[in-house]
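In order of appearance the chains are A, B, C and D, and numbering begins at 1 in each one.
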Amino acid sequence: MENKLRILIAGGDMRQIYCAGRLSQEYDTAVIGFDEKYFSDNSESAKSVLSDGEPFDCAVLPVPPLDDEGMLSTPCYTEKIDPYTIKKLLRPDGIVFTGKSDERLTEIFTGMEICDYMKREELSLKNAIPSAEGAVQLALEELPVTLNGLKVLIVGMGRIGTALTEILKGFGSDITVAVRNARGAANARIHGVKSVRTDKIDTDYELVFNTVPSLVFESELLNRFSDKTLFIDLASKPGGIDFDSAAKLGKKVVWALGLPGKTAPVTSGEIIAETVSDILEERSERYDV
Amino acid sequence: MENKLRILIAGGDMRQIYCAGRLSQEYDTAVIGFDEKYFSDNSESAKSVLSDGEPFDCAVLPVPPLDDEGMLSTPCYTEKIDPYTIKKLLRPDGIVFTGKSDERLTEIFTGMEICDYMKREELSLKNAIPSAEGAVQLALEELPVTLNGLKVLIVGMGRIGTALTEILKGFGSDITVAVRNARGAANARIHGVKSVRTDKIDTDYELVFNTVPSLVFESELLNRFSDKTLFIDLASKPGGIDFDSAAKLGKKVVWALGLPGKTAPVTSGEIIAETVSDILEERSERYDV
Amino acid sequence: MENKLRILIAGGDMRQIYCAGRLSQEYDTAVIGFDEKYFSDNSESAKSVLSDGEPFDCAVLPVPPLDDEGMLSTPCYTEKIDPYTIKKLLRPDGIVFTGKSDERLTEIFTGMEICDYMKREELSLKNAIPSAEGAVQLALEELPVTLNGLKVLIVGMGRIGTALTEILKGFGSDITVAVRNARGAANARIHGVKSVRTDKIDTDYELVFNTVPSLVFESELLNRFSDKTLFIDLASKPGGIDFDSAAKLGKKVVWALGLPGKTAPVTSGEIIAETVSDILEERSERYDV
Amino acid sequence: MENKLRILIAGGDMRQIYCAGRLSQEYDTAVIGFDEKYFSDNSESAKSVLSDGEPFDCAVLPVPPLDDEGMLSTPCYTEKIDPYTIKKLLRPDGIVFTGKSDERLTEIFTGMEICDYMKREELSLKNAIPSAEGAVQLALEELPVTLNGLKVLIVGMGRIGTALTEILKGFGSDITVAVRNARGAANARIHGVKSVRTDKIDTDYELVFNTVPSLVFESELLNRFSDKTLFIDLASKPGGIDFDSAAKLGKKVVWALGLPGKTAPVTSGEIIAETVSDILEERSERYDV
């Protein structure tokens, strides 16, 4: 008889519920940190509560794993869960999957391997799709014109820039991609769109998506755009648009972070599950031999 | 000196403001039936109020032209306008453009030509784009999954079905089009998508767009779909989905009518302007000779 | 026991062999007018030779059906076949499918229904795909530059124009469609490409596909194009390009007729089979009731 | 007065003529190693023959630079050119651009910088487009069916795999991409196509493009494919298809190397010119400061 790995999905938003649903197809799963109502019809198999005393092989913590007070992040639960409770449910040599690295975790889960699934390139690649779809949804909601025929600038031809390009080609937008070098320009060509160098951006666009995490749109450049242009910034941390200048100049800017979880929680949860599953598979391949 | 036609845009929602803006690029326009605030920065030239006593050559009435009490439809105006006021501002042999035929108009604008711009095929074709974009926006808002990889059924391969197909190919959806005959199937093939006959629809779709104005989804067929399937009905009048059965069976159905005006009022207004302009041009060509 | 229709595929090029192969999946078929070597591995079931004396319900004649001397068109056969031979193999009330109407057929197959499958709209629609693919192949072969980024003009947004548009979007060409009116322009917009009125064509294109069967490129217009521009004319009969002027001016023109049979004989034969099958099905539905 | 760099384009096929034409727009160019007839109308400025005695700043050698006997590779020239002749025309500290590294060059051009433009990533990226277009042309020529609706496998989702995917989506092919890992699968998803792991390839494809330079299709796997499947191998050096097994098993395989130069010599020459130009520009930026 095959012995399935036992995985505990602990806390988080709806994504983790869907993540649990997907993992339960392959593993022995249990869920903690959600009020009863959230299980509804989502996934029968996710409901399985902790019954026997056997310890879990892994825990899947959410994005981010802990709140400000150091408790498990549980936005869908009326009670508080101490992360040490989770630790006690795990094998001493268990694996802790987390959606963001956090120094406090190392202290809590001493002796266990801590693995940040958000850092896996495949997850970023997969998340590019819900990010791009969410950004396009924002554009559809905010703009009083059609995307068809619209002059659109996409800054960056990485994974999100590529996903946006593919979607907007379907809309029949007039797409230009801003790239840093000849390689980026060649990549734009492969995808059938025009390109411009990032340092030579012209300003007659009605919609601008930024996907690069370094300042591109400073005050002077922003000022040359029409007030009707909509900017959607998808880049994390500093972002590519100067917040203060944009506010001062009265530019329309949407800061679009964490789109995957908002736009497509089911897909987003499944992506987490697939990533956890891939990591476990790689490990088993490594150890099986 | 060229003598520009004088056009009065009378009443309606924001679309008519944008329509006026576009028409003012070519004609001598004036607007009536909007509170001052709606003009804001929309279009300088649209503001031109009626000053001199010269009569207008045409009036552009909104969609629909009159309200239940027979007054001009003016949702953006705090006062009421009697359609006879409009009549008095027109030449006795003027043209009345309307966004829906209405028997009361014939009575009011006696002796004038009444022309329903909503009936022009080019307008329907152009409106297919904002309709399709609006429907996709609804799908993005309603579904907790990405459109990428989603099993989608589009019923009908007319103008809206075609527009939806083009957009959803960009999203990487798994598209099937339901068609009535071999011609429809061949048309689907040209657009690179699979097809199925409307009377043999299978039910494993997660998203269904209906674009045909006759009943396709009756109780028995609806019942075979999953409760998670989202139905978006874009067809006017009877629509393609049995309303009562859908409600009784607890199916998720969105009735999406009048999307162009809601999703893309600027584009929508410009489409009306272009259509009015096309009609006037055809007439002048006819009479010039 | 179901009684399958008996169909005789008589003469023609390889398309008819593939047509027979497809029809044999559904009907009782036999083939006449091909040397043994052409059967090779093409289709087991197509080989079935005439054995019993039972008459056939239908005959499928090729495109065109007869040669100049009035014999069956049999380019893949070393012998000659008199069409009266075919007649004798048919039921007196049989159906004769032909790939082109020909007055001589009415005389020969007296009393039988003669049905031109090439006139069916679904066949034209389906043939638009091999036509467009063949035209693109010609462009790839003739041009020393990539289609990617190339300025291409497609004259006409009918079925072949649409098929070309879809293919060339994939190549990342810079596409403009020449259309006659506002409806054509709106259709181009739905397909995400620019349009120009046919009477206002500009001339900075490196590749031009003509799909409309009326003269568009007369001497004066041709003269304004660069000598490097490649013209591919897909329109039948008069075509859209003035042959003599093009020759005199030294323009590069490819007259691309009968592409489906040349580029994709298998697909082309299957399209004939599907059309014959559709016609038979419609008839049986009509008579069954 | 600006002092333009002097560049000598020496030998090679038609690509180098077009390369010279493009470079002459920016630099002072001269061409050596071509018979008069090849200049025809290709590029006025490329004709400029060596007149004054001033040495050149750079030489652009072809792909490959030398023939078996160590002479300059000059397939378009009736005479032989010794590479030392080229050396003498260059400044002692000149740059030698070559289309392949060759140990003999170091010996000949002692003291000069030798720079292999074929190794630049941007050139590979740009060449992916003519490679993919050439491969699609081969498929169109070889297959008796349309690419529309065809089951196609693309092995590898690198630059050529991506370019092929984009083109074949336009054709409406039924595309699967074979990838090595979760990242590849995610990348396929972004491009809207299905994927399969390279070690789990199923065999019901009618067309297979290989783009990876390591053996994928060994005897056993090849054997499971239909004899009608067309294989097109675009990978250099060992390639992905076992040559001997394919021959023994009677599989249809096309080895498609050097496509850019064959399919699109103009584009290909321009890509070389752009790359040389990019390299020179980077250098001048570095030294200008």
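Everything below uses one rule, namely that a residue touches a chain if its C-beta (ideal position, glycine included) is under 8 Å from a C-beta of that chain, and two chains touch if they have at least 3 such contacts.
As the structure is a prediction and not an experimental result, all values here were calculated from the model.
**Q** If I average the CA coordinates per chain, which chain comes out farthest from chain B?
**A** Result for max centroid distance from chain B is chain D.
**Q** Taking shared residue numbers divided by all residue numbers at the interface, is the value for chain B and chain C over half (same) or under half (different)?
**A** Same; most numbers are used by both chain B and chain C.
**Q** In whole angstrom, how far does the Cα centroid of chain A sit from the Cα centroid of chain C?
**A** Going by mean C-alpha positions, chain A sits 50 Å from chain C.
**Q** Suppose each chain is reduced to the average of its Cα coordinates; what separation in Å results between chain A and chain B?
**A** Taking the average C-alpha coordinate of chain A and of chain B, the gap between them is 36 Å.
**Q** Scan chain D for residues touching two or more other chains and write them down.
**A** 129, 148, 166, 169-172, 189-192
**Q** Of all residues in chain D, which touch chain B in the complex?
**A** Result: residues 148-149, 169-172, 189-193 of chain D touch chain B.
**Q** Which positions of chain A touch chain D when the two form their complex?
**A** Chain A residues touching chain D: 121-122, 125-126, 128-129, 159, 162-163, 166, 181-183, 185-187, 189-192, 274-275, 278.
**Q** Please give the residue numbers of chain D that touch chain C in the complex, ascending.
**A** Touching chain C from chain D are residues 14, 18, 129-130, 133-134, 136-137, 140-141, 143-148, 166-172, 263-267.
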